[in-house]
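Below you'll find the structures, each written out as structure tokens.
First subunit A sits with subunit B, and in the next complex the same chain sits with subunit C.
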Partner chain A sequence: MSAAGHVAGAPAPSRAFKLRRAVSRQAWTLGVVAILVVLLIIEANVAPLFTSFDVQSLVISGMPLAFAAMAQSVVVLSRGIDLSVGSVMALTNVIAAQLMQDQKTLGSALLISALVLVIGVAIGTLNGLAVVFSRVPDIVVTLALSFVWAGVALIVLPTPGGGSPTSFQELSTASDLWEWIPNGLLILAGVYLVVWVPLRSRRIGLAMYAVGSDATAAGLSGVQVGRTRILAYTFGGLFAAFGGLALTSTTGIGSPLSGEFYTLTSVAAVVIGGVSLAGGKGGLLGPIIAAFILSAAVTVLVFAGVDANYGQVIQGALIVLMVMFGGLLLRRRG
Partner chain B sequence: MSVAARAEDAPPRTSDRFKAFIVDQPLVLLGAILVLLVIACTIKKPSYFSGDQAGAVLRYAAPLAIMAAGQTIALLTRGIDLSMGATATAAAYVMASNASDGTVRAIALGLGVGLAVGLANGIGVGIFLVQPLIMTLGMAGIVTGLLTVRASGNRLGGTNVPSIVRDVGGESLVGFVPNSLILWTAVSVVLILALRGSGFGRMLYAYGNNPTAMRMAGMRAWQLLLATYVLSGLLAAVSGILLAGLINAADLGLADSLLLPSVAAAVIGGTSIFGGIGTYSGTIMGALILTVLDSLLTLLNVDDAYRQIIYGLIILALVTLYAQVQRRA
Partner chain C sequence: MSLLNVQNLAKRYGSVIALRSADLTVEPGEIHALLGANGAGKSTLVKILTGVIGPDSGTITLAGKPLAVGSPAGARLAGLASVFQDPALVPDLTVRENMKLTGTSMDGVESSLRGMDLSVDPDELVGDLPLAMLRMIDLSRALSHDPQLLLLDEITAALPSDLAERVLTVARELRDRGRSVLFVSHRLAEVTLLCDRATVLRDGGAVGTLKPSAGGEERIVELMMGESQDAIADEIAQAEETAHAEEGDAGRPADGDAGPPALKVSGLRLTEGSPDGVDFEVRSGEIVGVAALDAQGQEELFNLLAGLQRIRDGHVERLGKPIRPRDPYDAIKEGMVLVPSDRLLALLPDRPIRENIAAPLYSHIKRWGPFNARREAGKVDDAIARLQIDTRARRQARRLSGGNQQKLTIARWLAAGFDVLLCFDPTRGIDVGTKRQIYALLRELAGAGAAVLLFTSELTEIQLVCDRVVVLHDGRISDRLPGSEANEARLLRSAHGLVEAGAVP
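And then the complex of A and B:
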């Protein structure tokens, strides 16, 4: 608010002010990037042998969470919260693994992926419709629906199983371009550039931010609040389906309980990534990087000789401390 | 309120009066739903309508309702406590792994876990102004992680639920009245009276209604929030210990499955997620409804997958119905 305090009639902002404003607007994302870089430097030093393989495994472990974080971010930006992200990921994961089981070629796997994405979009839209038409708070509706989607996942595949062609798994596990740039990272970047970047500056994206910062004001200015919120969930479903496909690709199989971890961790990634839970503030890049921070922190500690069981403790402490620290920073800035 | 305003122009219609009645007396609607569920269970299995069955339902509802009590308080302040499942599990585990050194000490240690987690949450939310969702989510990770580390170093120690805890959690006093009902009743009476009459209760509602106004009016919000989360931490510990007594085991995933139902119980019972609205009597009904629903699904012998789907859809239907009724009146 204070950064954008340009009042009509006041002199145009100077270039230095614009630069300062740009930096301060992106300050959080820059900070998150810095933390990831520091973590990677530490990892490179404590790992017995730091090779491109370590980058690969970071991408493999962080990719599903990064998609979960994207799914959660779109919804949180428009002042919702989606506690069904994990279940939807599990559901799309098992559908993909079930359908790809007997497929041999990459082409057929990609065709199935497209179908799974459509299913994700449909589920997301249903979530959005339920939230908007029930007029019950998002957190309650998506919580109830998380049981539903988790149940459907169990029907599709009661126990871990299914399969996927090796060529599909290599979409996330191999590095075809350059050994230091895993394919998974390219796919993640591709989805970000193809889906989110065009979206955010268009009418729908702006409407999401508007609804997120003040739904009443947005409604009075002609934004269709209900439709915008439904669309946010639709995109959430799309990203969650990407997450489910990432699970299928990185693990090779489908597991009906694979999503449990992602619901609440995606909320954590969103907050660490600088998206306000009150809506309207932040982007998708921060949460994506935060997802990798959460994955890398555990790896670094394991390399440093800490009991792997402390992973959850570290992630929890990281969430709390970053939010605490960020809150203090923001308050000092006014 | 809107009914009163309209009454000046024209006499209220019967349907409006009915809706107003439902809104003023939400327990009636919840009670009707509970009765319907019990009737459904009885149709499926005639012997369901019995004292023993009621005792079983109450025994299973008690840990959920006590956890939901803490959740209700947190929701009233516009917060939420997502660490309650982890706290309950940790409290039960700590109690059970210390059982060999005396029961009183073991239970005190278990409650101490709840106190410690509650204090940490309260300091984070009250003093450092971290959003409750994030603070308690982070704490849940920390508690679960520490517990896993501890348990992996304690494989030889083993756990043991003290007999008195088993008695309270799983046994009956007279006939079918379970011992845990006494504890639950005590919690309920204190909480309902405190929410209605005490300064703490009024502050909870006032703060939940409008935190900014209360802060401006000079209220020390951090004290209230600290007390709230300490209380929810302690109630989580009690619920976990009770559950350990009921199933006579304390494993590492003991109470995790109670967390989301505890939120659902409070919300079904009419507690607003936006703070300031809600009662514990409503939450009790919510917990009973969820427990009976669970036993109905067991009776119908539904597959776990379909069970989750039905469970989710019914919660959704209940809260939607509630929201519609509340709005139109």
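And then the complex of A and C:
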């Protein structure tokens, strides 16, 4: 039996116990941080010349995936899955590139970005409504909707094109604060801190965890289960739209097929990041870091001279191994 | 004016009528019991009152106002708070986060817990806390909303007796403050002790409201059953006679029975902390009872034997042959089968009755090919008939009543065949009538030569069915005694560790 549930008079848990418990609850996240650090050290050794530029390119390549991982995580936490993440990213990517191509100023680009985020929220909400009201399994509904959003993306922009102001591209590609801290990382941290952190400790965020953890208990606690699930998809749409904007910013253009890679890779990031596919367990930080692990792994394999096709095989094997060892370690402790 | 007034409440699920026309009134300042056999409509009525489901027709008023609850939260706002048998707490959130989720102040909950001599670390994850503690937290949460009517649904089931006692005290304190309690329970002894009035449901309607008095259990049971019932002991004796008549020889084993025991456990360590293991044996044809308070190692004992947990220290022998089941499949191959207390865990809830019973028949690879459909169907039908399973909802095991689900978990082993039956609290949350049937069946099975190991949280019932009893306390056997001496007082003493082990062989 656990250490809790004592009768009054039993000593309160010590500070050391609380610290140990906090560390053990974040063990998975700390683990992925360690893996990322190890990868970066390896990269620094195999790369011909490791400079701030390498960090910058890691952030540029990892940023869209990090947003995709956030989008997938909020949905998975509330025990859903969203197979339309990539398509929504592609759609928001082409909308942004289409609207921004004749814009010159950062201000107008940001205004358009706001509009794109609203579109993302609307699409996410639609996804959620479709999942909850159709009562068809989420995996089927979001797979079907992924075709819809991918089709709309092709209607908006049939071939890669569009554009965006240089100042908007520098939001992700430059490093204004310090050469080792790219702007993209700041934006990612900003979204995490402004959107997720407050949400997580408020009732809506708790409700998402509750629904994912035990929907019956959540319902009996007064949580509106259906509404909460829809809201999780809404936030998924918001993060996917951030991902679409990140694509526009990092590539400078819109590409209707840019999303394909992100749907399943976001699921991989979620799993590596310690979010349980059964819902209720984990957070957003782990998947964000996992997104950079997946991006860094590609770079390391390239630098190490591994054939790109073998690289994929190795990457896939690494995903299974990481999750397996993580699970084994947690089980041994628990 | 009555506090709660329920009139002509009806609810049907498809063709199954759950509530026909239920009436219930609860006065201010009273503790009112809601009783009924399984399938009488009790849980449906509770679900409607708490807003989990809506009624088809009928009216509910609370304190003179019509109660139109669409959700449990709505019910709480209207002044009706509930504590369910399965605590409405989210396992992956901490206690504090759970309270925040429902807009409850953690301070209120903590002070209410202190009132019951309990405390909890608010930052502990709910999933890491024992069930008993969760019930108490759930109760404290309900109390902190200061409801006019508190609904307690089987709250004392599987609670250790000291905590159950504290719950009863809380109910009395509420009554003293003019609040009311609706007490749903199978424990008639508690009802007669605690409640001012009791409403008995049968077949979806109220059959009567009475004032329970000490020793009035039999009258309540009569109302529940609709007919005067033989004493449970008679029925069991009868079952045994039948078994004897059918099987001829195998009966209760004589002392000094030859041959190795059907199941022998030696030095089996139940919990990691305990210094030594448990030793006991079960012979063919006998029922050995396991009595224990909450979480004394009984779950581990049954899990180890059934192959759900790996054996670390100690030995298990089947007919003199050492075995070490790695998973349930191993245990089942050895003829050791488990009937768990959580029925839905053992069943395939969305599959039909027949498939549920037939499932173990197909477990061996040899059976994956063509099979003798008629013979297997015969086995399944025999099991259904023998246990008198209500097959009206045969398409989905989930839709059966709790008692019928439990019969189903036993029926599958009747069809598949077994030597050692491990029954873990098979009658938890089951009505008196079905309980009697199950106990009679266990005696019958033992009479036919099975070895039965039975844990039950109902101490009073051990005496009625068990040949011998071992009492667990803190992962060790604190007492062994013949069934005839296993009265509640003795069991309670040993379960609290007050008798030294080894007194009786």
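We adopt the following convention: the second predicted complex is superposed on the first by the 322 of 334 C-alpha atoms of A that agree within 3 Å, B and C clash if a C-alpha of one lies under 4 Å from a C-alpha of the other, contacts with A are read in each partner's own complex, and residues count from 1 in each chain.
Criterion: contacts are C-beta pairs under 8 Å (C-beta built on N, C-alpha and C of every residue); 3 or more make two chains touch, one makes a residue touch a chain.
Quantities reported herein were computed from a predicted structural model and do not represent experimental measurements.
Looking at the shared chain after the overlay, A:Arg135 reaches subunit B, while subunit C stays out of its contact range. In the superposition on chain A, A:Leu186 makes contact with neither subunit B nor subunit C.
In the superposition on chain A, A:Val33 makes contact with neither subunit B nor subunit C. Partner contacting the larger number of subunit A residues, of subunit B and subunit C: B. Applying the stated contact rule after C-alpha superposition, one finds that A:Arg203 touches subunit C and leaves subunit B untouched. By the touch criterion defined above, A:Val46 lies against neither subunit B nor subunit C after alignment on the C-alpha atoms of chain A.
Shared-chain residue A:Leu257: touches no atom of subunit B or subunit C. By the touch criterion stated above, A:Leu115 is placed in contact with neither subunit B nor subunit C. Once chain A of one complex is fitted onto chain A of the other, the partner contacts of A:Ile319 are limited to subunit B, with no touch recorded for subunit C. Contacts of subunit A with subunit B, set against its contacts with subunit C after fitting on chain A, share not one residue.
On the side of subunit A, the complex with subunit B involves touching residues 130, 134-137, 139-141, 143-148, 150-155, 158, 264, 267-268, 271, 277, 307, 309-320, 323-324, 327-328, 331.
Contacts from subunit C toward subunit A in the complex involve residues 50, 52, 71-73, 76, 82, 84, 86-93, 97-98, 100-103, 113-114, 117-121, 123-125, 128-130, 132-133, 295. Taken in their complex, subunit B has these residues touching subunit A: 80, 82, 124, 128-131, 133-135, 137-146, 148-149, 152, 260, 263-264, 267, 273-274, 303-313, 315-316, 319-320, 323-324, 327. Listing the residues of subunit A that touch subunit C in their complex gives 1-10, 12-13, 18, 21, 25, 203, 206-207, 209-210, 212-214, 216-224, 280-281.
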